[in-house]
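Shown next, in structure tokens, is the structure this report addresses.
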């Protein structure tokens, strides 16, 4: 097949953005629908891609490569393996859901909002597809700007502080990553007699790394730079404090994408680039990173317990959940890695759903303070039921996707060192504590005076809101019962990852 | 002097004629704006054609004092573009303030003529004279609004300190000349090469180096010789600021290329540490102070200091053994020209009505009031921040790559540059915050720039974008202009 | 010691230093301009000293000195124009009172 | 017939789905689908149990399984979605589906007037699915899934009346305390996988002997951890009494007859694991028997009818654990089954009582109800007699086997405590009967509805449950230690018992077994009479009558030496207070402290970097004084520094 389907998927939202830009802003409905149409188109195409993807073999498929800046061997090179295709589908899915979920809440500057969102989608898809380090970096930064605007323009009262913190924090990491990327390419260039050809090509670089040609000291520095960039994005303890602020201030759909996809960019970077390119350094730092991950898991959960704000609580819970991802990556076990990736997906679905549900409440009450809620199970039974479902999924109830991912990480880590699992398992109780306590205060009990004051505004979920949540819930159940759908795709990437990391694949 | 010399320096000659023609046109039709602008821009067009005709050729004039090579062509084109853009942005600003456009255009073109002469100078004496030809009109431009106390205050500071530094530079040049016995760049280089080969450099030469470095660092606005920059930039009429932020800066780097790389190249191991320190100080101070500024012009002034620091990294990379550092400087200069002029142009547009300040509050709600202007400003600011795929990003990447290739302390410098770039995002994005995330205040300025102005804006915007999407084109040109290979 | 290149260079160095000191110490714009002239003349002295004591430089020295004088004259012209302009605005020639732009 | 197995859990699941989605629209009929689903499930379960117990219909002595699909086929990890039925499973199937079905029917009447009836039936169906999955699962991970899901259903049903704050709190508490146990179970599963590379239970059991002994101990302890949580053994027993906030059918089904037995089932199921680690078995016995006596002591003083039953349940579960611990595997399952029926009966009966007195649960406001609700009274009396261990009712046989097993396997201390608990059980049960049904009525006369007998949908299940409460012991437990149940379960436990080396002496009624049985029965009789004399009795048919003596009760509770015990008992030995202090108060403070750390130290550092940067900028900008002289001086100083620098470079 010669159709450049990856590029088509990447740039469909861009075309959408241009189309939206061309529409006059006095037709907000038309703008919304156009944006939705293009994001749906990208989604359908990503599903077609999934159908066309050949499951078995290792390596990248649908590779497209064109020279871009031949002087430095920078190329437009994209391709997918089992990992990236999953991330792309996750992105396209959450994108149209987010856009649809924004129909009601976003009434001001709809055009700019939709353009931002579509550009954001381009960047996110691009990150997952790029096989050229420079291209990857560019997409990585492209993601930053629309998110900055989305939080800063359509966010809450403290949005400017939050968005600046988000951008600056991310930039510190990513600019150091740029240095590391350039240094890596240069090391490759030196190793190839001064020729820049292929110096940014991920596959060639990885072969170069596999032959042990990056020096240990160099690896350590470059790895740390990449790690910092990715750890901030994930976010790992102690680089996480931008997340609660960003989540709290972002509009609902912004939070959904932030939690659903943006955090995954960091984890993806670790799996795809940081470890395979610098395996020696990855092993050197694995111990401290595992410790940080364990801290993040427990710490995030503990802090979640005392959060007064719904979104802030979910944000801290993300720190905890994403800790499983980094843990799963750095124990270097095929099982744990598959669990980590599954966790990435299910965290995207579950936390995305939770943010949508908080958005539903926020639309009606314009408040997210847990203490002001109460008794919503009686007033908004459908909402409360769905909320309960996502909360249980987040708490890792077996049969839903969150459980499988976390359990695989647990099992994989246990095989490496039972201590890790023992130190981490307490999160089972902590997660249930903060989630159920929050649910109890929001949904159970009698109606608070604050809610009574709202009277008839407190209607149950609308059809549109239900439509945004339905696919997420469906996928959570399906992946919980049939995780093989994902795991089959991940077998090859997991082996490739471990091979690149220099670990023998067991089982 | 002969006809062949005239041919070699034809762009400079034509530029002088254009300036004269502008004055003549103004005499024929006094106070008419359009003929002047048509003459100036048309004339600059002819200059550009003359430069392009020379592209790829090489030659020299005045017995080797002036050399025509790809570097000259590249820089000349840049200077012409700077002049043309400045004129496009100036007309709408000067007219409401009753400032004469013809005089402005003529002085500006004279200044650019000086800059073009700098670009081609391969003789210390010519270099100095050309430099003065470039900066003297600059002082005049800075004080162009002569009834405006800010403008004149900026101008006198600029002038006094500029003359002071010129004298210092001159003193250094004299010493080098005295020690090497020649003013020709290649002759100096050859003499210094033997000095280096024979061992230590004499204290006299060290003094000369110190004086020259100070002089050039001043013109670049490198810390700690940058003091004039914020005041002169803030005081000057905004289009002049736009010019000052790129014209003399690129000119100063042209001097650096001709003088430090061309003539003092053999001593690069000696001036490398100095440049590293200068670069580190410059970008750090520029950024730190820019963070605290509430006046956009002043903020951009400090930002231009910071960018000097980044460009110096390229020079340091060259001295550290990486030739492509020079290509990076050229690329940076070109990219910086478009994005920074664009940013100043937007400030100019907001100040179209006299009496409007350049406080950041005037940007409040610009994204809503004038979406296109806001979007362009955001584009320029993001480019200045270094967000891909925009011009500023590639400029930084190019410089950083060169530094990494040079290795050693240069890698540390590269890391410092990137940390600086992250800090810089704060103040650039702060303007975006005002434009998009705050509601317009009551006294926010209306803006409806004219067609010419909009054309200029479009050129800078498209340039910023094209440089970003197709950096290979500019990179190839910059690489070709790097005549110091080998 | 006397009548050697070094003594002239020391003299010119001193002249340059005096000029610099004057530039730093004087508050009047005109005086500062004059200090700069002094510095430039110090350079000229250097140039001419080199020309006088180093035979190959003799021809060049005169040319250089002449050109430098020309440039200095041009500089003074521009400078005076600016000084007049600001004197009209600020009613004072003292540059340390021109500090409306700072920080 | 193994293909039928998946139907057993799937039918209630379908019932849940239909009732959950459409129940609201079904209105008064919303129970129909749910009830029929469970009835159908019961039919299939009976068929399967029959096959498994008689080794027909495709089952053999070791049981038979069916694999549905690869559940989690990861690299380096594998778990199936598959079911397995052997005689042990079959016994549980009988208990779970039968009681489940009866509770469903009972609930039609009990929940008839509740607006959320459809929701209740949906949850009940979901619970049936989860519980059945738990007992049918062929691998540990699937057991764990069922384990967590029953916990969820318990949560949903305890908190069914969610506007009540206490209900919501109790629901959360139940879930969290269960999760504490589940942590251990989960770690145990990981340990099993790591050591054995499989989670299939039959495969694990087959290979378990090869595991290093320290890992054997660890795995057993971790599984025990899970079992303790689910079966509410000390120290994780605190959730069960609070769980009585749920509707009474829930208490009967989940918190007496089925879910709380899961821990017992799990340990029994894992008998090949526990059989290899006698040191852990002692712990099991100790925990069990301690829980038995502790809970019984608390039951003495509780006044909420359901709480008494709840502590009684704890106590009886303790018996079962003790039984497992001493190696009397079959006795534990026997008691599990008989207890399931009579405790289910007692709870449903108490529900009927509560229904009759319009929601009142405090026994001090009951009394004399025997004549007003005769069916409830009679069936509850049967249940009480059964649990007290009066021969020949079900409880007598099962309890007797446990005590006999403890004694004969050498756990004299277990027997001794168990013996005492038997007496205590009889005492608090007849205290309950006395306070509720005998003596004078203390019912608030101004109640909206007059006291009335419950509708037939409620009383019929009572009657149906009373039958096994009476006859089950005789049916499957007689003759002792070689009854039907022993034959059924022999294939399950035989190997473990043989391996333990304890060749139990045959039951001898005219030997030690007889002595023990008579001793226990005598103690029970004494305890019952004591209860009658304190709390009254009124059974004209038997010629028994005594008025309650609250004055003597009070006097006893204030007597020197007893007063402290009374206080301890009525405060539930302060376990709730201790937990509150440890986890709610101190835990809350810890979380708040960590949050403070996050805001102040970590985020403070981030913001601090920003502040320092801005501050540095503010300092540096002061260099820009606006005065040319200062600037010139700066340049001159820079020049000097530069000159010094170059000189230094030049001479280096």
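By written order: A, B, C and D. Residues from 1 in each chain.
In this text, a residue touches a chain if its C-beta (ideal position, glycine included) is under 8 Å from a C-beta of that chain, and two chains touch if they have at least 3 such contacts.
As the structure is a prediction and not an experimental result, all values here were calculated from the model.
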{"item": "Partner chains shared by chain B and chain D (touch criterion as defined above)", "value": "A, C"}
{"item": "Central subunit by CA centre of mass proxy", "value": "A"}
{"item": "Winner on C-beta contact pairs when A-D is weighed against A-B", "value": "A-D"}
{"item": "From chain A, the most remote chain by mean C-alpha position", "value": "C"}
{"item": "Centroid distance [mean C-alpha coordinates] between chain D and chain A, Å", "value": "38"}
{"item": "Interchain centroid distance [CA atoms averaged], chain A/chain C, Å", "value": "65"}
{"item": "Rounded Å distance, chain A centre to chain B centre (Cα mean)", "value": "42"}
{"item": "Centre distance in Å when chain B and chain C are each reduced to the mean of their C-alpha atoms", "value": "26"}
{"item": "Interface hub residues of chain B, defined as touching at least two other chains", "value": "156-157, 160, 164, 168, 230-231, 292, 423, 426"}
{"item": "Shared-contact residues (touching 2 or more other chains) in chain D", "value": "610, 621, 624, 626, 628, 632"}
{"item": "Sequence positions of chain A contacting 2 or more other chains", "value": "168"}
{"item": "Chains grouped in pairs wherever the two touch, ordered by label", "value": "A-B, A-D, B-C, B-D, C-D"}
{"item": "Chain B residues touching chain C - in the complex, by the definition given at the top", "value": "125, 128-129, 132, 136, 139-140, 143, 146-150, 152-157, 159-160, 163-164, 166-168, 170-171, 174-175, 177-178, 181, 183, 204, 230-231, 234-235, 292, 298"}
{"item": "Residue numbers on chain B that touch chain D, as the complex places them", "value": "156-157, 160-161, 164-165, 168, 200-203, 205-207, 209-211, 213-214, 217-218, 224-225, 227-228, 230-231, 270-271, 273-274, 277, 285, 288-293, 423, 426"}
{"item": "Residues of chain D that touch chain B when the two form their complex", "value": "610, 613-614, 616-618, 620-621, 623-624, 626, 628, 630-632, 634-635, 637-639, 642-643, 645-647, 649-651"}
{"item": "Contacting residues of chain D [partner chain A, same complex]", "value": "69-77, 81, 141, 144-145, 148-149, 152, 155, 159, 162-163, 165, 167-169, 171-172, 175-176, 179-180, 182-183, 186-187, 190-191, 193-194, 197, 588, 590-592, 594-595, 598, 602-603, 606, 610"}
{"item": "Chain A residues touching chain B - in the complex, by the definition given at the top", "value": "68-72, 109, 112, 137-138, 141-142, 144-145, 148-149, 152-153, 159-160, 163-164, 167-168, 171-172, 175-176, 178-179, 182-183, 185-186"}
